[in-house]
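Multiple structures are listed underneath, in structure tokens.
One chain, chain A, links the two complexes that follow: it is found with chain B in the first and with chain C in the second.
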Partner chain A sequence: MELPKANPIKHLPQARRRWLGRFRIALMLAPAMAVLVVLYLGALVLAFLQSLGYAPLYQINTFPTLHYYQDLFSSTGFWQSVFYTFYYALIPTFVGLILSIYLALTLRKRFALKRLFQYVYKLPLMIPYLVGVSLTILLFSNGGIIARVLHLIGIIDNPVEFPRILYDHSGLGIMIVYIWKQVPFMTLIIYSVLLGLGPESEEAATTLGANPWQTFWYVTLPQIMPGIITGTAIVFAFNFGSFETPFILGGGFPNTLPVEAWRAFDDPEPARRLGAMAIVMVISVVSGGLLYLYIAWYRRFEKRRGRV
Partner chain B sequence: MTELKIVNLTKRFDDSVVVDNVSITVEPGRLVALLGPSGCGKTTTLRMIAGLTVPTDGDIQFSGQSVLQQPPERRNIGMVFQRYVLFPHMSVAQNVGFGLFIRGISKTEIQRRVREMLEIVQLEHLEKRFPSQLSGGQQQRVAIARTLVTNPQILLMDEPLSNLDAKLREEMRTFIKELQQRLNITTLFVTHDQVEAMELADQVGVMFKGKLVQFGIPEEVFNHPHNSRVADFMGATNLIRGKIVRQEAGGIQLNISAGDLLVQSPGSHALGTEVIATIRPEHIDIVETEPLDKHVGNRFKGTIEQVVYFGGSVSYQVEASGLNLKVLERSTRMMTVGQEVILRLNPQKLWIFPEQA
Partner chain C sequence: MTIRERRFSRDGLTPFQRFYLIFFALTVLSPLIPMIIASFAFRWFWPDLLPSEWWASARHTLTQPIGWDYVFSPYSRLFTAIRNTLVIGFSVTLLCLAISLPAARVLAREKFRAKGLVEFFLLTPLIVPEVAIGLGVLLIFIQLGLAGSFVGIVLAHLIPTVPYAIRVLTSVFQNLSTDYEEQAMVLGANPLKTFWHITLPMIFPGIMAGGLFVFLVSSNVFLLTFFVGRGQVETLPTLLFTKVSSGGVLDPVTAGITLITMLPGIILLLITERFIREEVFAKGFSG
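And then the complex of A and B:
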């Protein structure tokens, strides 16, 4: 009796085999693509159409019009929102990055209770942002724990005198939450890259006469750059589109673009919802542009090293 | 030129002693190979000289001056690593010029010296390439050029050829030897390959379990091992146990399982001492038809038990009255398993050491 063939496709003519192979790959990709196309791309196309005045659902159809974009770009509040969105996204990303590099470099060293520390520093990764927001309020609000401790040790006369760092446009509260939550994430990425790198590269630099700072600047930093860029791109993109933290801890109008988009969308006036879609499109274009820049930079980075 | 001296160097990690009281002197301009199996402590010794590992005890001196208090970047040593460790984000020229760049040397001077060094390692046409675009041999040459461009007083090489294929390894051995002699730089070379050590070194130190067990010129270590471990590591796999029964001007006579064995080995031993005689496989003659003459010593009748063909040479495992000897000869003839032969062990090629060594 002839045994069944292990791979029946192998015995078909070459052209048919190739076609079947492609079909099989398309079939494997289909579930993921369906989610992407329907949920993301579909929603984006709908938002784009609404931002151009096509919204039969709200009995509005002035398509095609740039009216909602003109309104948006001529509003001072919108440009202030753009500023706050970048400000709240960039500063904690940059500060968090420096802390993460320092932490990752420290974690490579041997020290007492290292295993415990390696567990503890990752804890914020598993805790939701809202918990971080609550903790920040408990700690840093006027009358919060820190204010009370400062009052107890006599630094301030009254807990209410504690400087206001929440619910204002300085955004310190927002940034504290972002840094608290994102430093472990960036540290994890950079630490993994450092572990992959091993100590030899730095040792080679040292034996060639480089002091610790030169070794870090010229040898370590360029080699962990892919990890840094990946980590900061993800963190910045998240901060840029983040909603709940600036919504709760922000200083009111004008707030970040996502918060303003939500406020506009939540308005009972249907025309305002189309303005919200214009904001959503601005956020998408900026995020997409940054993603493109990241990919282009990374390709260039790899090309310069002869790897592409 | 700098003399390298390590004195009673010891390194302990927790409870284990990785390097145990090692003392070596590398004379100025000479190349010394530290030879031993993996984990014997040779790389740790090298790292301590480089300043990358802190010794537990002992001293390291460059031309009589202790360097223990100096950080690695101030020791002016050059170290070539096993995995080359080129900086992947720098071109060949940038890699080679790195040591000069961080010393603040002018750009034109860096370019001149990099070009000069790349000419020495015959890679001047590849200066713009990145490490990922080079072969293993080219990467190793860049690593050597990068190390030498700063004119280090001591060159340390940590198994620099172990990642290369056999042919390239041979080429690089010649290249390193020529380069070292041309630049006359004091060099310590770590390897687990005895052929590499023999070919390159002026002197060889053999290490086992953190201890330096023998130090001398290659011929001495190769032909006159101090103990069975060194003998085995150097490829002298024939170890014959025996007892000294006579000692006279003509040599030492041993009583072994197969009869009497004459050894022309220097040194005096007490009669009755248990010793091990060793002879390299290539120093045993194998004879097919010679009649066995009982009056001529060091001849043993045996049977071939195994034949391994290596191309240029052939190895025979021969059983001879309780002795199991390995014989290596050129493959000008082939004998077969089960064939009866006569083995001749040249007394001058035999070497003995006390069994407890």
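And then the complex of A and C:
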């Protein structure tokens, strides 16, 4: 008796087999790629066309025109918006990174209740940003819990004396939410890189006489760089395009670029809607371009160090 | 052990490290206490640290529902939001897994020319700002008549979830040897039977973990639901958005809805901690 073939296409001539193999690969990738290409690449292409004046939906077709970009770049509100967007995105990324590195290093140790702590610190990762916004309002608003505690210990007399943290261009409330939500995320990434490393190289450095700071700077840090780059890139891109947190906790016009894009899009005036698409393109190009440069810089840095 | 030695060794924390861990646990957990208190409050004036009148004592003296009574009444639209969140979440999870499984299998096992390009493309939704995707997708859906519909929202939720699911499932397939499947084929099982009886049971834990997280992402997404739904489809995050952007500081209803919106995340954290494959997150742009 002949055994059935392990691979049903194995008995075909080689050229045909290769073609069938390729066809099968394409077929299996097709549904996922179709969804992403149509929706997400299509979305960007359509936004780009609209920003150049192509909007038959609103009976506008002045394609191609740079009018909407010129309008945008000549308004002072836009440049303030750009500043706030960078400011609210970068500071929490840096501050969060430093907090996360130290937390990840501490998590490697053995300590009492470690299992419990590993549940607790991940909680912000699992819940919507809006929950963070709601908690921040409860704690940091002028009549909020922290102001009341300060009143109790006699530091302030009435709510007005409490520093304005929310609904303000300083963006402290926004950044508190980002850090609270994102430190667990970056910690998880860095901690998982650390888990894969093992203690050997650090122990070797210590045996050879490196002090803790030298061990961290020359041995641990270079090894966790992949996690740092991934974490900061994702967090920065998220903050740069985030909408609900600055929309609620920000200081009114001009707010961040995503909020201004939504407001322009929500306007009944069609021309404003096309302006919204120009803002969307600026957000995508700036964020994408910066991340490309960041990762390219990191690859060159690794190459120079001879790791790749 | 001196502090200097402890900084190194794997056992024993320095006092600062202990403080640091306690500080983190407190920043996560302590805001929940005033939130729970706020949800049970009726009158809570400056500068009291506790409400002067509670929901439990005030609810019988009033004709209209307050606090938790209001939250669980039809007026709050909470049950509509929960139902929509669940329906959208389950649809997204099933659809997302169905299209991600074959793609992940190919990416884990086959070599082909465009593979690098496909893998790069799958990373990009992580780094393209959500607002750009949200408004762009809304443009497409307005033209297709899908704006404000369930179908539109489910499709929009696939954008953040499919790349994530493919990433998780690819690593599941990579850790799975092909031996058993080959044996089944040699013994005469067709590809479909092999998948159903051999592959699927072996990757089931991975599928569960991936599916739970896809569900969580879908139930937490605000922007895509809000933009694509055009305010016509209410989910837990959009309901909370309405409350938070209009409510007062210590509003009991906002507090109640905040606590309920946390529930999917808390439940999933409790059941999936052991599922979370930390190495899934570890693969960066460099690898």
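Heads up, the rule we're going with is that the second predicted complex is superposed on the first by the 289 of 308 C-alpha atoms of A that agree within 3 Å, B and C clash if a C-alpha of one lies under 4 Å from a C-alpha of the other, contacts with A are read in each partner's own complex, and residues count from 1 in each chain.
We take it that a contact is a pair of C-beta atoms (placed from the backbone, for glycine too) under 8 Å apart; a residue touches a chain by one contact, two chains touch by 3 or more.
Please read all numbers here as calculations on a predicted model, not as lab measurements.
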Checklist entry - For the three-chain model obtained by superposing on chain A, do chain B and chain C clash or fit? => result fit
Item to check | Partner chain in contact with A:Leu293 - chain B first, chain C second, else both or neither | outcome: neither
Checklist entry - After lining up the shared chain so the two structures overlap, which partner does A:Thr206 touch, if you call chain B first and chain C second: first, second, both or neither? => result both
Next on the checklist: Once chain A of both complexes is superposed, is A:Val219 in touch with chain B (first), chain C (second), both, or neither?
Outcome noted: first
Checklist entry - Can A:Arg305 be said to touch chain B (first), chain C (second), both, or neither? => result first
Item to check | Which of chain B and chain C A:Leu66 touches, first, second, both or neither | outcome: neither
Checklist entry - Touching A:Ile155 in the superposition: chain B (first), chain C (second), both, neither? => result neither
Checklist outcome for this item: Larger residue footprint on chain A, choosing between chain B and chain C, goes to C
Checklist outcome for this item: Smallest inter-chain Cα gap (chain B/chain C, superposed on A) in whole Å equals 7
Checklist outcome for this item: Where chain B and chain C land on the same part of chain A: residues 206, 225
Next on the checklist: Help me check something: in the complex, which residues belonging to chain A touch chain B?
Outcome noted: 200-201, 203-211, 214, 218-219, 222-223, 225, 304-307
Checklist entry - What part of chain A is in contact with chain C in the complex they form? => result 3-8, 21-22, 25, 27-29, 31-33, 35-36, 38-40, 42-44, 46-47, 50, 57, 102-103, 106, 108-111, 117-124, 126-131, 133-135, 137-139, 141, 143-145, 147-149, 151-152, 158-159, 180, 183, 188-189, 191-193, 195-196, 199, 206, 212, 215, 225-227, 229-230, 233-234, 237-238, 240-244, 247-248, 257-258, 261-262, 265, 276-277, 280-281, 283-284, 287-288, 291, 295, 298-299, 302, 308
Checklist entry - Which of the residues in chain B come into contact with chain A in the complex? => result 50-52, 71-79, 81, 83, 85, 87-89, 98-99, 101-103, 129-130, 132-133, 146-147, 150, 156
Checklist outcome for this item: As the complex stands, chain C meets chain A at residues 4, 7-13, 17-18, 20-21, 24-25, 27-29, 31-32, 34-35, 38, 46-49, 98-100, 102-103, 105-107, 110, 112, 118, 121-122, 125-140, 142-143, 155-156, 158-159, 162-163, 166, 182, 185-188, 190-191, 216, 220-223, 226-227, 236-237, 240-241, 243-245, 249-250, 254-255, 258, 261-262, 265-266, 268-270, 273, 276, 278-279, 281-287
